[in-house]
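Order of writing sets the chain letters: A, B, C and D. Residues in each chain are counted from 1.
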Amino acid sequence: MTPTDTIPLRVAVLGAGGRMGSEACRAVEEAADLELVARISREDPLEKVAEAGAQVAVDLTVPAVTAENVSWLVDRGIHAVVGTTGWTEQSLAPLRTQLEGAAGVGVLIAPNFALGAVLAMRFAEVAARYYESAEVIEMHHPNKLDAPSGTARHTAAAIGRGRAAAGLGPVPDATEKDPDGARGAVVDGIHVHAVRQRGLVAHEVVQFGGPGEQFQLRHDSFDRASFMPGVLLGVREVAAHPGLTVGLDGYMDLG
Amino acid sequence: MTPTDTIPLRVAVLGAGGRMGSEACRAVEEAADLELVARISREDPLEKVAEAGAQVAVDLTVPAVTAENVSWLVDRGIHAVVGTTGWTEQSLAPLRTQLEGAAGVGVLIAPNFALGAVLAMRFAEVAARYYESAEVIEMHHPNKLDAPSGTARHTAAAIGRGRAAAGLGPVPDATEKDPDGARGAVVDGIHVHAVRQRGLVAHEVVQFGGPGEQFQLRHDSFDRASFMPGVLLGVREVAAHPGLTVGLDGYMDLG
Amino acid sequence: MTPTDTIPLRVAVLGAGGRMGSEACRAVEEAADLELVARISREDPLEKVAEAGAQVAVDLTVPAVTAENVSWLVDRGIHAVVGTTGWTEQSLAPLRTQLEGAAGVGVLIAPNFALGAVLAMRFAEVAARYYESAEVIEMHHPNKLDAPSGTARHTAAAIGRGRAAAGLGPVPDATEKDPDGARGAVVDGIHVHAVRQRGLVAHEVVQFGGPGEQFQLRHDSFDRASFMPGVLLGVREVAAHPGLTVGLDGYMDLG
Amino acid sequence: MTPTDTIPLRVAVLGAGGRMGSEACRAVEEAADLELVARISREDPLEKVAEAGAQVAVDLTVPAVTAENVSWLVDRGIHAVVGTTGWTEQSLAPLRTQLEGAAGVGVLIAPNFALGAVLAMRFAEVAARYYESAEVIEMHHPNKLDAPSGTARHTAAAIGRGRAAAGLGPVPDATEKDPDGARGAVVDGIHVHAVRQRGLVAHEVVQFGGPGEQFQLRHDSFDRASFMPGVLLGVREVAAHPGLTVGLDGYMDLG
């Protein structure tokens, strides 16, 4: 997986001064098959990426500048792995057009670099076809401002798609009396519960149930380090996937 | 725990035709130190309990008749182990008075015979003193009509008592945006979540969190059989506890 | 999933007197799109299957007779769904040959009808490609004679295949001192632990770990009823899969 | 719990240059009711503790010097909270003698400052009385050299004591065939399993089982920070417990 007897891939990190960015620099430096050739912070000119001869750039900046960054990279034939949020169909459209004229250049836009979260979502959609009941419990540190998490919403949507594909109706639920809302939120027909607990980071449990049986998926992120295997996978694979890919699952072998 | 070289204790079961009652009959019959001397169903006269020479009677009938049954038993010096719900301070008061005049007779009123549920509640109250965060997740089959479960409510109350004893304030929770109620019910200041899933029976998870740490209690009831060790504990111990005891924990060594 | 406005599929159950067989009879009877037309016990002649006009037969008999049963069914153009264990490459070979001359007839040999176990194994193989660490914990009732379970062995093998496909080496493990064997069994390079506990039935946990992250799959079988959705899936799909299929996953959409 | 309107307690930390020590300094500094008056590293003379007017000293040094440190502190009437390992009955004996002549001075020797681990052990001993089956699963990072962990061994011993007190015999286990040791280690009659997984830190699961029922305790340490509430509890309580206390549970209200 990490061949060391070949010439290392030359990688730049944009947003290197941020928390995710500095973690990414560290991960690239530690990988024997990659070479960190440029750390670009807010004040640095993008030209340094080209001057350093980067083949792949990781963009971990902010929504306000990411689209401009990626356009600049594609113009210079540099592959881009993008973890910055804020991309919409509106900002993706011109990028698609630009990539049509940039043969061989690959761009990955990944809203979530945690491989486990990507696996959980895909497996949840598949398992959903086979179970009468499904619920989602997400658990985070108590400083989180919104509930439920975006990942839990996406997982509920994936379960909904799986159920629809299998022709399943609503989940069984005889609750008549729930004065305080213990049954939680309902997203795409799926009940979603949010726990907030000191000491936790980001966790998700997906539970499926059928007669005499339960099936569970669980993903725990204890640390920002958990995103790095996904970043490195993107860096290594982006050149082999020309054009635009949205979602890390496009690079994963989930069959 | 189950000495077989002594004369077995003579036990009657009231409500023997019900689901809990028939399970209790089976459990008594299988215990080497107990002898089932009377199975009393709705149509049977209580006199059969006395005629059979029962020393202990297990009442698993219905709220409408349980108080009358117990009064009848105490009058005849027969110890009573009562799992029937519906007892209130109003119905307990005359029983207390009656027991003052019935030296040596013991009555146990146990709202929950599951030893694990009793342990979870007690441990939750103790652990609550030492953790900044606490939440309860109960999970049941989807035919349950109310949410959250009574056990979850009692557990939240126990956690609240533990926190109060330790001088802890409200649990930390920065949630500002929760449009669909994912944070669940709040009982005595504790968030309580109810999951309904085909294939499950009755399950409870209590989660505590502090900096860098999590502590969990979990109890799973897969089957009505899980109540029988509690019933048998009550039967064996009731003679040694004259007067009224409410709650199986009064007979347990939880120190 | 269970259309009721069409003519029901005519189903026979072989081994109807056994525990799995009687459960299967009940499941077929309760399914609106299926009709139970024959319950065949040890003493019944197979002719009753044909006389009843069965289109699909479920074989839940014993290793000694299952090959003969299936051959008889294929000869008469009756599709077979087989849960009996004991099939080997040697007994499958003549069946394959027979099916070549039986156009349109389908046979499913399924060593495990629990959909959750099938999902867990498949997902484990996929997830294994992305994690440095992987272990298996299986948990069963204390009357089980062998450890670890066959399902746990198969899961470890699936993880091993996934790791090999991804070019992963041995799992990291610095253990130098383990005098009592706490690290468990090693199957295809994967540590496997077996728990035996009163009250449990059949449970499997697969745990994957990477830097700052954990991913878990868990399957709980509480009851023989958990095999019935798999049996019914086989019955409904066998006619659409002519020839021999080994493993229920061949009928599932796991993409 | 942390009154701020009183004069802060004056605290010294010995071993302040180590990982636990520097974490303890940070925790004391952040506590409004405590004041860090001395950080003592290997090269510093102990006199600085007395000169700084410390009322309590936390010893997080090394086995070679801890006994000498504590003796010095007791001589000067300074309470000691000790997390250093390596104390034996032989080194405790002279300390006990010394404390007899040092009225009002308290010393706490705590092999484990994780409140959750202390709770798990105590609750395990209590729950063990009520369940036929019990097993322990400990999970750690893959750099750990020994298996099972000391905490798991102590927990198994606690379960053994609980079972003995209740007159319970061996756990039920029909295993006849376990060629690769999947059933794990046996410590005091209890099966103990050790999992090693990248991304984990220190985790323990205790599982109890009875007919139709399961009871679980789980403690997760994600971070060294999880020991600090225990250290602070010791610092705050040591003056109220003159003489020697071994084990943090002596200061906790576990009734």
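Points worth noting:
Note that a residue touches a chain if its C-beta (ideal position, glycine included) is under 8 Å from a C-beta of that chain, and two chains touch if they have at least 3 such contacts.
Here is each chain with its UniProt name: A, B, C, D = 4-hydroxy-tetrahydrodipicolinate reductase.
Source: prediction; values computed, not measured.
Interface comparison, B-C against C-D: more C-beta pairs in contact at C-D.
Relative to subunit B, the chain whose mean Cα position lies farthest away is A. Here the CA centre of subunit B is 34 Å from the CA centre of subunit D. Averaging C-alpha coordinates per chain places the centre of subunit C 46 Å away from that of subunit D.
Per-chain CA centroids place subunit B at a distance of 39 Å from subunit C.
With touch defined as above, residues shared between interfaces to two or more other chains in subunit C number as follows: 131, 199, 208, 210-214, 222-223, 226. Taken as a contact graph, the chains are fully connected, with every chain touching every other chain. Across the complex, subunit B is touched by residues 131-133, 135, 137-139, 142-148, 152, 171-187, 191-200, 207-214 of subunit A. Chain contact summary for the complex, subunit B toward subunit D: residues 1, 114-116, 119-120, 123, 126-127, 129-131, 165-168, 208, 210-226, 228-229, 252-255. Within the complex formed with subunit B, the residues of subunit C that make contact are 199, 201, 222-223, 226.
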